[in-house]
Amino acid sequence: MSEQAKRPLSYGMIGGGPGAFIGDVHRRAIALDLDSRLVAGVFSRDREASLQTARELFLDESRVYPDYATMARKEAARDDGIDFVVIVTPNVSHFEIAKAFLEAGIHVVCDKPLTTELDDAQALGRLVAERDLLFAVTYTYTGYPAVKKARELVRSGALGRIRFVNAEYPQEWLATRAEADNRQASWRTDPTQSGKSNCVGDIGTHVENMVSYVTGLEIASLSARLDSFVEGRALDDNATIMVNYSGGATGLYWTSQVAVGADNALRIRVFGEKGSIDFRQEDPNYLRYTPIDSPAQILSRGRDDLGERGQSLVRIPSGHPEGYFEAFANIYRTFTGALRKRLAGEPLSDADRDFPNVDDGIQGVRFVTRAVESSASKGAWVEY
Amino acid sequence: MSEQAKRPLSYGMIGGGPGAFIGDVHRRAIALDLDSRLVAGVFSRDREASLQTARELFLDESRVYPDYATMARKEAARDDGIDFVVIVTPNVSHFEIAKAFLEAGIHVVCDKPLTTELDDAQALGRLVAERDLLFAVTYTYTGYPAVKKARELVRSGALGRIRFVNAEYPQEWLATRAEADNRQASWRTDPTQSGKSNCVGDIGTHVENMVSYVTGLEIASLSARLDSFVEGRALDDNATIMVNYSGGATGLYWTSQVAVGADNALRIRVFGEKGSIDFRQEDPNYLRYTPIDSPAQILSRGRDDLGERGQSLVRIPSGHPEGYFEAFANIYRTFTGALRKRLAGEPLSDADRDFPNVDDGIQGVRFVTRAVESSASKGAWVEY
Amino acid sequence: MSEQAKRPLSYGMIGGGPGAFIGDVHRRAIALDLDSRLVAGVFSRDREASLQTARELFLDESRVYPDYATMARKEAARDDGIDFVVIVTPNVSHFEIAKAFLEAGIHVVCDKPLTTELDDAQALGRLVAERDLLFAVTYTYTGYPAVKKARELVRSGALGRIRFVNAEYPQEWLATRAEADNRQASWRTDPTQSGKSNCVGDIGTHVENMVSYVTGLEIASLSARLDSFVEGRALDDNATIMVNYSGGATGLYWTSQVAVGADNALRIRVFGEKGSIDFRQEDPNYLRYTPIDSPAQILSRGRDDLGERGQSLVRIPSGHPEGYFEAFANIYRTFTGALRKRLAGEPLSDADRDFPNVDDGIQGVRFVTRAVESSASKGAWVEY
Amino acid sequence: MSEQAKRPLSYGMIGGGPGAFIGDVHRRAIALDLDSRLVAGVFSRDREASLQTARELFLDESRVYPDYATMARKEAARDDGIDFVVIVTPNVSHFEIAKAFLEAGIHVVCDKPLTTELDDAQALGRLVAERDLLFAVTYTYTGYPAVKKARELVRSGALGRIRFVNAEYPQEWLATRAEADNRQASWRTDPTQSGKSNCVGDIGTHVENMVSYVTGLEIASLSARLDSFVEGRALDDNATIMVNYSGGATGLYWTSQVAVGADNALRIRVFGEKGSIDFRQEDPNYLRYTPIDSPAQILSRGRDDLGERGQSLVRIPSGHPEGYFEAFANIYRTFTGALRKRLAGEPLSDADRDFPNVDDGIQGVRFVTRAVESSASKGAWVEY
């Protein structure tokens, strides 16, 4: 792409109105890399709320639409229409909205989990392939440079053949009946908005994606127990899942929203014949790597060799902490980089495509589906 | 007991000859409290090896016996016979040796697991009751003062009703085929010396005991998967176990000897409605306690209130690290304290009896038995 | 300020061209809060380099000026001229540039240290007062919410009377003669661009500012030893400073750029009669607070009570790490908040003014000046 | 020494009666290695208290003496007299007692600081040389295997030329006027029992010894500021000391007993041209070693290569924490090993002599003396 032709990319957003959490995160993360600008949106089903958010973001109100279908149609028709749309609504609506924009020929970024039904997720997968559009699913945590390094260590054979994976994601925030007065808690624990699972759907999918991304292991079967500890809660708030991978490795996952004392403690440990890695999301600038029978090494983002891919996502020197927004921005940076190449008609390399895509989204929905099935059968082993 | 009458207690040992690990640990731990003296033993089946150890320990050779049966008989017959015996042989021989000393009327301290067969363990339980003797099983890790405090926090209701327990015990030392040239590895991975399980038997029992001790929860059923990752190994070297407790709480245990990067990383986390505790054996002078919606507190042994029982086991001020030997010594200190009271005809309080006993030993063998059963049935849930 | 009237603030930048570090940080940090837009600048003395940066940032080239003086004049004359300017050039030029914009009536944000000469700093102070303009100095690290809480704990009396402060800031990056081929290293170790001190000037000023901000203590005298360990280096790369505060407390500062193994390890510990706090910049989402004779508490940003001021600067829930960019953005958020009020003619509260200002900048230059004087006199105690 | 001839070593003790802290530590540490037995003593100036301790330790009362002079004379005269004496009285009496036993030809272990006057320390040094006796000073903390490794890393050149040392030793325990009702606090803060310094004498000497042992650096001059923060306290309770070493390296020491939140937090960091080490006494099973521009390595006692000397002091596998008693026992193990060789007429190697000796004791007293001198001269630099 020539220097002269460079222009900021433009995007629209569905969701992210007053009181929303993740929509705001998307906007800030995108802003951090100074490359894309929000120009259109439907921020709420409530028109006035939608306009309020638009004004706070200094948007031209002519591009604040009454509903997503109108927006998809009208933006697709503009010469200067949005380059991509960001979907940050509750889980149940992801499918219809994503479908509408794909059908309008617009590239999509969608929050996770992709859908609440596996069929829907697969339908989106087919649509993305047919239309040949870019589609990202924002599994935030694989965006950390240290996670890129973890993946590289596994792929390079530094750990040897992988034997066992222990991954966990405990939180405290639903340890009491928070759904009574917390909007985030309310929709996530409501089957009509969240789908068949709360805990596995919301954070278990991050575990599945993280393990899959770092190790490349494919789940062959699983045995799950979903607990619902808080009285009156319709969906799960704690889950333990045993996993068998193709090829003989095994794994153990735990997710919880009733783990008092845990903030957002996603952690993955991968044990191979020759070494192990240990990544803790709450301390994301470091990766613990231990070769067998040797001292543990603390790899520090920016200081130590994170490999070409990891290093490409580092903005500031070691010891200057990067965090959640930067992990998020790394997904966008990669997505928009690919989009710019696509717009310029250039081919995409593997590194260009290193953002979570619709297939990763489908895997997540499959994981939730199978876990719910197994738990409903008292933990029976379910083929994947 | 009057001050004048006080004399050092005397003990004998079965096992702990040249190259042994745990026998040496017992002797040092006992020595640390300056209260009991080793005076008799059978340190090895090899007489010369036995005498070598006796000489290194400055023992009178007349009390180094050819076999445990002779020792039990002769020491029982002496006026100044041993006050108790310590059994530190491989698992398969615990039963016969313990039986012999109990039948001779001698109090017993036995390493874990108590036996390799549940029937044998239960038989020992009956014998202890019949003879009214003291019997300790050296589950080291509940000896830490911080673990006493953890138990007290649960019992006091500070955590509220317990919902979930996550306990793990990973090690690296058997990640390769160490049994070829390491005596400790060799007997532990050999079914004829170790029993039906290596990993669950050796370290899984510590997990079971720790959870049981801290929480008081009783296992109702479990689903286990025992892995054997190192080629040519007959017994398990990794295991994941889901647990249902009576009363609705659930748990998840992981033990491994192929976890590269882990030294001896026993950890227990207990989550209740109102708080949680987190204890890591490798950092045993501290206990993390988090009340719901409040800052985590780092309780420091010696500094902070560990409660009456915990405090009674602290020898040095905070920041002067106590470790494994002191945890071990705490079991002995409690056991010999109880023994002195028994010898003086005094009644024993709950605190006096706060050492792992034959019932705890039976529970450990039951746990191994059930885990092996479940794993043999592809992880079927097994009633306890 | 009425909702209708809200518009994005606009700013210009001096410095921050190709290869620059801190200019890029300022731009991203400002972008994170979606409130201000870069519209003008002189990014380099080299016109072509300046234009290159402008194009990368999608700027209108008509507002890329040949030099700062022209920019100050022309922007001041525009109806839609910049609301504030950001100065991110090497230390020696801060004074002249800041002076030019202040004289043009434009609000200023200047990187630290404010100037290289105390007289110049004081002159800026007078100018700010005369013109009644807002002036921020970007001491990044006091922007963390945990630091706000630390300050509040001191002010509230929770620590009692402060006795002792230990603050340190070690880095590794200049442990070898990096100035040969690293642009950042080159100008910082060059007296003609950096001033009388490298290490104390660059990072010692952060220590001084952090201690002053958190404790409110005023330095009465100091004794400094500046070392220059790397051969051929004209300025200091390591320094130890003893401090006496007014009122009887004492302090100890250490800064180093040759501390192999340290990334950017700013840490401050404050010890009072009744408690202490411990903040480590590399782990900025947590604050360790220990009341006397009590367990240490780990306060977690987002989880625990950081007080009104700290809480107002939290963007995402606990366990979702915020980092360096967010600390930086907190300074800008406060500065632009104050600027909006000023533009609307509203009075500023103490919280509105809670960003490092020209007086803090002057204190930093005084600190460098006195430290250099003391060290030149073999560590003699110098009145402040 | 032939196997047949082996007998337990016997020792006597001066001090360590009811309520004493360090005497009890010595006894337990000695017991841990099962090699030496307590047979004689003067545990208190109060005869009845002395006998009480003797009875608790199962001692023959005929070897409980009325005073140290009598004991030195009578034990020296016995065929089976003590092999060595352990002196654990308050500082001011160390000199006279040590002198008496040396003059009686008995080997000595003395707690630190060696004496309260430099002249006395030097006199002991001369006496040790004249009588050719073994003399150990129990600087506990250099006994840790990780500290042996730290020393080896420096000596091997792995760190390159040493540039800077930062060592600190903060405690909380004297943050209030504890001397009112705490026996340990009372004598340590009393000049008539403790000497010219409390804080530097008690814990500053550990810092000096640790740095000297690990780095081999010799102090050329120092500048000290001793603070006394608690009202009514005659001696120092906090101190900051700048050090210049021969050869150009510099150092910074901080010791405090008013550091609320610190338990016993001795830490040493050594920075060389090519690497650094970081040892924290409260986490003594690990040593952080960072080669320049490389990941930090966490060396784990028992797991990783601690070198021949370090490894020789490891009793249990990695992850089984050793602590303060084992560090103490390592000094005794080395001392009694040397003593056994001496008794057998064998020569001593450097490793045999690797325990803190009378020269180390003298250096400690010199350090206290010079620090007090400098502080009395408002921190003037004092030649060493």
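Which chain is which? They are A, B, C and D, in the order written, and residues in each are numbered from 1.
The definition used in the following text is that a contact is a pair of C-beta atoms (placed from the backbone, for glycine too) under 8 Å apart; a residue touches a chain by one contact, two chains touch by 3 or more.
Since the model is a prediction, treat every value here as computed from it, not as a measurement.
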Q) What chain is the most remote from subunit D, judged by the mean position of CA atoms in each chain? A) A
Q) Is the C-beta contact count larger for B-D or for A-D? A) B-D
Q) When the centre of a chain is set as the mean of its C-alpha atoms, what distance in Å lies between subunit A and subunit D? A) 55
Q) Just how far, in Å, is the C-alpha centre of subunit D from the one of subunit C? A) 44
(Q) Averaging over Cα atoms per chain, report the distance between subunit B and subunit D in Å. (A) 34
Q: Two or more other chains in contact with one residue: find those residues in subunit B.
A: 172, 262, 293, 296, 300, 303
Q. Which of the residues in subunit B end up touching subunit A in this complex?
A. 159, 163-164, 166, 168, 172, 175-176, 223, 225, 227, 229, 238, 240, 242, 250, 252, 254, 256, 258-262, 269, 271-276, 278, 288, 290-293, 296, 378-379, 381
Q: Enumerate the contact residues on subunit A facing subunit C in the complex.
A: 3, 6-8, 21, 24-25, 27-28, 31-34, 55-58, 171-173, 262-265, 281-285, 300, 302-303, 315-326
Q | In the complex with subunit D, residue positions of subunit A that touch it | A | 289, 293-300, 303-304
